[in-house]
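Shown next, in structure tokens, is the structure this report addresses.
Order of writing sets the labels: A, B and C. Residues in every chain begin at 1.
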Amino acid sequence: MISLSERPAGANSNLFLETPFDRKKRRTQSVAKGLFLLMTLLMVIPLILIIVYLFYKAFPVLSLDFLFTNPTNGMRAGGIWAAFLGTIYLVMISLLVSAPIGVLAAVYLNEYAKENWLTRIINLAVVNLAGVPSIVHALFGVGAFVLFAGMGRSILAASLTLAIMTLPVIIAATKEALGAVPMAFREACWNVGATRWQTIRRIVLPNSISGILTGIILQVSRAAGETAPIMFTGAVFYKAISEGDVFAYGLFDQCMALSMHLFTISTQVPGVPEALPYGTAVVLLGTVLVVNTFSIVLRIYLRLRKKW
Amino acid sequence: MINRQRLETFAEPFIEWMIRLCGISAIIFVFGIFFFVFREGADFFFHKLDLVEFFTSPEWYPTSVSHKRYGVLALIAGTASVTLLAMAIAVPFGLGAAIFVSEFCSPKLKEAFKIIIELLAAIPSVVWGFIGLTIMNELIIDLFKAPIGLTVLNGGIILALMSVPIIVSIGEDALKAVPDSYREAAEALGATRWQVVYRVLLPAAKNGLLAAVLLGVARAIGETMAVLMATGHAVKIPHSLLDSVRTLTATIAAELGEAPVHSEHYQVLFLIGVLLFSITFVVNLTADLIVKGIRQE
Amino acid sequence: MAHLGKKIEISNLKVTYGQKVAINRISLDVYENEILAIIGPAQSGKTTLLKVINRTIEFTPGAKVEGKVKVDGENVMDVKSVYQLRRKIGMVFPLPVGLPLSIYENVAFAPRTAGVHQRDHLDEIVERCLRQAALWDEVKDRLDNLGTKLSGGQQQRLTIARALSHNPEILCLDEFSIAVDPVTTMRIEDVLKDLRSDMTIILVTNLVQQARRLADRTAFLLNGELIEIDSNEVIFSRSPANKMTYDYVMGNFG
């Protein structure tokens, strides 16, 4: 601080001049800002490089044929149709189970539950369910669905395992979406004699749909990418199905899956030409990124169409 | 018209009953997971398990014909080493990015970064494992002249990249939760942005940031496919970053397929699952309590 | 007024929110087809009183109600359907709330939940209620527009239309003019004057002069207690039964 005696004469505005102390503060600030920017970039740039490299290596095999033809020659050639279809089955069936349960559970938590110990425990359970390691989900799937429920290793068992895994995030996303609907709307409905469920069905749920959809779509990509939960519950090394037949798999069949296939041909099969696993990785990554981008776009679009 | 009304009045209690059932489903599933996983290993647990040997012996030879040993110390060391390395990288970078995105960023850039972080989080673990197996592997062999690239270093870097999104997003939430009045008060006193962060925001958000780190740790401990593919197959306690290791998770994934159903080996693998479940349960619970602690302030 | 039936009878009502006593042993009656004004400063229990009558107090966690409230001679806790009870009573709250539906659907909401689905029946209800609420002329050409995009004054009239859409016998208004411009307030006051022949009206207001203008009787609540209730001639005279009433009406406090 400049002391009063050192102030140059006749210039009150000198109080606003930068002092050496201020300059040092500014420098520290710039350094810090630059450092953090550098850190952020250091994560983003290698990632972009990696993705570009993956595409580059996968280029020889990327084509529509790759998607729609089956693996041949002990999976050392051909496409990934069986795995692609299997992933679609697994994702759809698992979401068919987890979406309704998840949404209704969130409805309970946000619209019906009172502030008591039971509610606290439920919330705790949701948080913990979200943190269960994927391999433990696999063990659970084996113990509960494959063995105890007698489903054997099947699409059904694997899908149910994936459903339990995707449940907590759907609950959390739905709860947030429901919570964003103002209380005043509900009170207005109750005061004209609507029941709780009528209010939820006609006002609350329709106005939370964007958040709910976002949560569900994000779990689509999660379910498509997971390997461990399906490895022992229904996904299999290799399975021959007819190309182009969308109904090739049955509920109690085992199936191939993109994530499992990537693991298999990159670690379990010798002599696979390089482009093949890169191609599989790119398809899987591409699917996930497309689905996630779609959900982001949907979120922005629905935000613009807000009704209040 | 009247029928529709009657239908609604009948259906409603049923619907509400369904809603309540779904509400408690989360509790049912958490218990269910513990129950069914433990059940498969229960026999070994009650009759044959030597807890001391289990936790302190690095000798994991479940398939030995003559002398089966089930010590998981090496596996725990594997998990710990990879996790520690991952956190050593991810925490500073993640928190740095969180601070940058939250405090120093223009709104447009912020939106772009958040989208990138979201996409980063969406990358499946098997793809990360593949990256470790191929790109990272070659990089490490080239850079360090190492015999193999599937090592603690490989797994640690991959795990770090996987954990960063969680640390960034929850860390950013924690910083956002600090009331603007703190920032305004500090700036009114003449503090620069950086000083506001360093002296006011970080201390105020420290609980949330700690929770972010804990959740990152839980994620790293529980990760399976990426470490399975990136850290190699050696079941031994690592002495350097360039050693291969096996984590608890990878062990289960690698060996469950070959262990005969209900054999001892099979049961022990399930018990390792119980161990993993318990560890992540405790870490998640702690993080949750820390966050709740903030809300009560 | 004394020879008309009692629409609402409240005896010994006590309402607590946890430790806080919101209403402390109030007894009063509301006669059919009268306009009863309830005046008093903030935190006197006026809003709580309304919530007890239509049982929406039950949505407030921690609220406890003791005493008896009867509507048409029947205890509100004993009615067959609480939803039917709520439809008997129209509620208008201080902040206008347009539901995120079209204007048409805002007014059709209550009839739909009550089981009315025929289009022409709903059309008739919507037009009638919007006319009664003095909103029809302004919105009749844009019934499909979102209710939330109307101005504050229009939304408050929409709220009134919604409150009328289920044919209430009792209409309760809780400080309806707080968030609304004076012109709209005047229009709504005219609406109330028209409605009184069809229903019983309870008008909670912080505008003492509004009570004087519109009501037959006025009740003065202070800190959860009923200080005085009487015809307007008495309440607004030089010598009401209680001096505090005089002080409040004169603006000496509150």
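FYI, contacts are C-beta pairs under 8 Å (C-beta built on N, C-alpha and C of every residue); 3 or more make two chains touch, one makes a residue touch a chain.
The structure displayed is predicted, hence computed values, not measured ones.
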### Message
So, comparing each chain's Cα centre against the centre of all protein Cα atoms, which one is closest?
### Response
A
### Task
Quick one: point me to the chain whose Cα centre is farthest from that of chain A.
C
### Task
Give, as an integer number of Å, the spacing between the C-alpha centres of chain B and chain A.
15
### Query
Just curious, how far off is chain C from chain B if you go by their C-alpha centres, in Å?
55
### Query
Once you find the CA centre of chain A and the CA centre of chain C, what distance in Å lies between them?
48
#### Entry: Overlap residues in chain B, where contacts from two or more other chains coincide
8
### Message
Multi-chain contacts only, two chains or more: what residues does chain A have there?
### Response
195, 198
#### Entry: Residues within chain C bordering two or more other chains
114
### Complex interface listing, chain A residues touching chain C
114-115, 184-185, 187-195, 198, 202-203, 207, 307-308
### Message
Under the stated contact criterion, what part of chain B meets chain A in this complex?
### Response
8, 12, 15-16, 18-20, 22-27, 29-30, 32-33, 36-37, 39-40, 92-93, 96-97, 99-101, 104, 113, 115-116, 118-120, 122-127, 129-131, 133-135, 161, 164, 192-195, 197-198, 215, 218-219, 221-225, 229, 249, 252-253, 256-257, 261, 269-270, 273, 276-277, 280-281, 283-285, 288
### Query
Can you list the residues on chain A that touch chain B in the complex?
25-26, 28-29, 32-33, 35-37, 39-40, 42-44, 46-47, 50, 53-54, 100-102, 104-105, 107-109, 112-113, 118, 121-122, 124-140, 142-144, 147-148, 164, 167-168, 171, 195-198, 218, 221-222, 224-228, 231-232, 259, 262-263, 266-267, 277-278, 281, 284-285, 288-289, 292-293, 296
### Task
Report the residues of chain C in contact with chain A in the complex, numbered from low to high.
54, 56, 59, 61, 83-87, 90-91, 93, 95, 97-101, 109-110, 112-114, 146, 148, 159, 162-163, 165-166
